[in-house]
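Each chain gets a letter, A, B, C, D and E, in the order it is written, and its residues are counted from 1.
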């Protein structure tokens, strides 16, 4: 077994306490001109101007760089490109995203955008990873202190303001796996109700006519519309809206053979 | 205590401790219960908060157990990034321990030095995970994203700087007669007793044991890395200090090897062929009968790791659903505190802060 | 990974989240009414604190009408907030980092004290469980007036990721009055400093 | 310069005030007002007020100084946003504490609880009346000033213990007991170190002690005594590494756990007053007081109030030394502290007394008759 | 030592009480045993097979039964071993392992607290995390957690 004995042979007491006194004095001399303190409200770490001064030890910049680009702070939402797919709300582990109606949708298709309660959000970034259109992303803004609990709820409009303020945004995009599951149809159960096609945020579901079956003698024919959804996999963002709206639970995830 | 929320009931005679009774549960947050209602990847958000000074180490722990239960193999680059993260996290955690420990001794200055240098590591974490303390970085089957450009160079700068600082820390503590007066021969827990009481980690290694799961049972890619196990023979507070300091140096060694490997081997960081709810964003799953029809494999995952505080374990039972059926963690801190019944009696009341400080208490992980 | 599948009993039906198999077992968690010891403590805090505050403020209105003295004391009070040195969970680490070398909260005169008698500010930095709730209230009551409370982080604000758990108080404002909430999980040290500055602003505007 | 003393300043202020006031009154009152007794009485009051203000101001400045210095040792900045460079920070703290509610725990003893901070503060303040700051700038030049100062200085453990006991809190009580034991233990080496100085100077009068250091400061022959005195003063001031009465890790805030508001401010202020007294004593006894070595150019020593300026510079440097120690050493344990006090410091102090005697002897040697007279 | 050797050895010592061995990655395997022989089995494992470390004791609620699992570590072989025993739901009782491995103390208290498994012979079987007097064992599947109802925002009165 290879082990090393941590004996600390280099540092032994020398004249009782003179060594620690000397070390403290050395640090005192080093930090006399500029200690490593960031004078926060006046200097900010995320400001490129101060990056050379901060992340420092006693005035010596080390380890600095574009460390802020990935920071997960307040969300920025581009309302214009949001497709109301609900994926952010589903992927939120803390259930802090609620889809609220915003103006701009047609009456059949009310446009819904995420509203985030920062009193519950854990800033994990799952929602921005999930966003298929890249319209919800996280910025480097972190100041979130409020007087009242209600002010912590960020409406879509408020997050759109954050988007318009052009803060640096988290550049990480998690790539979707190539062999993603598709949405399959359990055809005998389908009643052709058009719910999936109507609610699909990307309009990738088309209802195609299917031949009408004639019931065998003695078998009761289900009452249905003779249409069946066909899903365009390349357009589908895998949001599962169709699955959740399907009244007969006939859509499911699987791999198309 | 500076280490979090727990209670130590002490029965004393004069200044001498006769019996102690640790009282826990003030931070019991039901993480195991909440985990049963979450997707595998979503549990990672809880892992960061379970042990808030070693979030990435606990993510690694859980992810390995979950991968074993789900029969997923991550790519090698992801493994290296995980080991790099875990070792950087070990340094950060030990620095946090150092800060809290010296503060218990009444030393104010090294507390600030420790926090200052820990912030540099947190900056590194922030540059590739996006979080300072809660990272949410690892995923079943890999990690969230690759390292950013120029990361390895920055990381080398930081660890070089840290190697110099370790000398300074030793000068402030080991070179001080008062430190030795305060810490030598305190909280002695010899190896057989430590084993019987289940004590692990630096506390066990300070008693001369060579037990380190990274060597004994190499998980991830630790078998390809060169490092040594830090041990001490005194089994007291000073020994634990020495072991942790040496471990930080060895961690720097591992970090440098990982950086060299990562420079030379670009590649994917996410496994292919993952079940639907692992590889992509979550979406409504639909009727559960379809899920059962697809017959995903069930399994049990058990991972034991050398976490900064000691041996941590995760036991994950996968019953084929989207959530784990049962998640159970082994907390090293719970057991290390528990053994206080053995190593505290006989010392003075004024010795409690250094002794309990040397245990490295993280209550979040202890109470879960 | 060898793909060997150890035998795990697969439950015939996964328990549904909404249907409780044991019907007589209430869904109760300890936080709901009916569990005495927490309730009593909660009530005491809820009634005591506003009453004390009211009494104090009426006293002030009668005695200190002076236009000169009040602003001076207000300035002193808001520039020297001593928080209680009490760490709960994750946010306590960031709380400590804010007092570290890089952010150095002492610049604003914020010095943590260990004894609640010498504090003006209770920063609840972490998850509050029901087991610790009455201690939190006791600490808050031990602080002399005027005093403020900051709920730091999501756990203190509303239970955070753990709010569904059986042992966690869903928001510390159920126990004590909170002046400033800081969102974040955990909030960065800058965010915490921002919260303290916001509290100073609040004191300036509202008086004590 | 030498003619101006603090008392003369106070006396002239009193005379001017009373002279102005006397014009408003008829003759008998007028005569009485400008009589010597009344002026002296008022002068004394003014004198005390000046002393009080000066010592308080200095104490508050001392706290600021420590915070800034400690900040640099710790690679940070310390208070900097309240006032210029945080100069007003401590005024804000004091005002806030003054304004704050003072809570007396229900079980606490009222008399002890209220009395002890006040008495602690007052005894610390009284010493300032005895300490000369420059030639003539002191309260009274009693023959036993030094002894009196040290006696008043050692009242503190009594009041700390009283306050700790009155708080009815176990942490306070343990802290108070530790504090009392520590202070009493370190009285002995301090007094012995002072004896060494007294042997060398031949007087208990601080003015004389300073004047005796015209030729050489006493720290050189009495280096051991200086070390003992500094260590003892650290223990008396309860600063790191001897701050175990306030050990935060085990006792919440030590003996002032239950004190808040103004009473806590009293304790805090008195602590720093004592720190100031300690630094001043070190300067007076070992570092030549307001005198400067003769090789310093006269321009630096002859401007008005040069003595006071140099004295304060020295005092602050000595206090900086205490801060430096605080920044780099951990706290030691009670039993180790007492062992250090009794087993190390007392013998060292005794040794330094012998050394001082030897120095005196060596000084006497050239004089005729000195050695035989000692023998006979 | 491999899993076969160990299970055969144990099967001869405790005939009929070793109910099976499942493979488990990275360990010797998972041995299912009859809770009736718990103490003897533990003693035999510690003394004869040098499983000196008890790493973990936990319990799972499988609705129709409860499972107790033990993770052991052998310093000589550097391997983990998982033991598991099924207990009936109405009487979840098993002999305590504290006399053999003192480190089980906290683990068993936790298992009692959260899953409600009783360990006979435990010196101090009290709740560890939840306050004394708490009525439920929260990690049972029948105990549901839910979104707190009282989450409406409250505004300070003054």
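Throughout what follows, a contact is a pair of C-beta atoms (placed from the backbone, for glycine too) under 8 Å apart; a residue touches a chain by one contact, two chains touch by 3 or more.
What you see is a predicted model; the values in this text were computed from it and never measured.
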item	value
Mutual neighbours - chains that touch subunit B and subunit D alike	A, C
B-C or A-B - the one linked by more C-beta pairs in contact	A-B
Cα-centroid distance, subunit B relative to subunit E, in whole angstrom	23
Approximate Å spacing (C-alpha centroids) for the pair subunit D, subunit E	64
Subunit A and subunit C, separation of their C-alpha mean positions in angstrom	27
Between subunit A and subunit D, centroid-to-centroid distance (C-alpha), Å	62
Per-residue multi-chain contacts in subunit B, two or more chains	2, 25, 28, 30, 33-34, 37, 45, 68, 109, 112-113, 116, 119, 134, 172-173, 176, 178, 300, 317, 325
Interface hub residues of subunit C, defined as touching at least two other chains	1, 6, 11, 17, 85, 100-102, 104, 107, 131, 158-159, 161, 163-167, 171, 173, 179, 185, 188
Where subunit D touches two or more other chains, by residue	71, 73-77, 80, 327-329
Residues of subunit D that touch subunit A when the two form their complex	71-77, 80, 324-325, 327-329
Residues of subunit D defined as touching subunit C within the complex	67, 71, 74-82, 86, 88-89, 91-96, 99-103, 248, 252-253, 256-261, 264
Complex interface listing, subunit C residues touching subunit B	1, 3, 5-6, 8, 10-11, 14, 17, 85, 87-90, 92-94, 96-97, 99-102, 126-127, 129, 131-132, 135, 161-162, 164-168, 185-186, 188
Subunit B residues within the subunit E interface of the complex	24-25, 28, 30, 32-34, 37, 68, 195-199, 211, 216-217, 219, 300-304, 311, 313, 315, 317, 325-326, 328, 330, 334-335, 338-339, 367-368
Residues of subunit C touching subunit E in the complex	1-2, 4, 6-7, 9, 11, 15, 17, 20-22, 25, 27-31, 37, 50, 53-54, 57, 130-131, 158-159, 163-167, 170-171, 173-174, 177-179
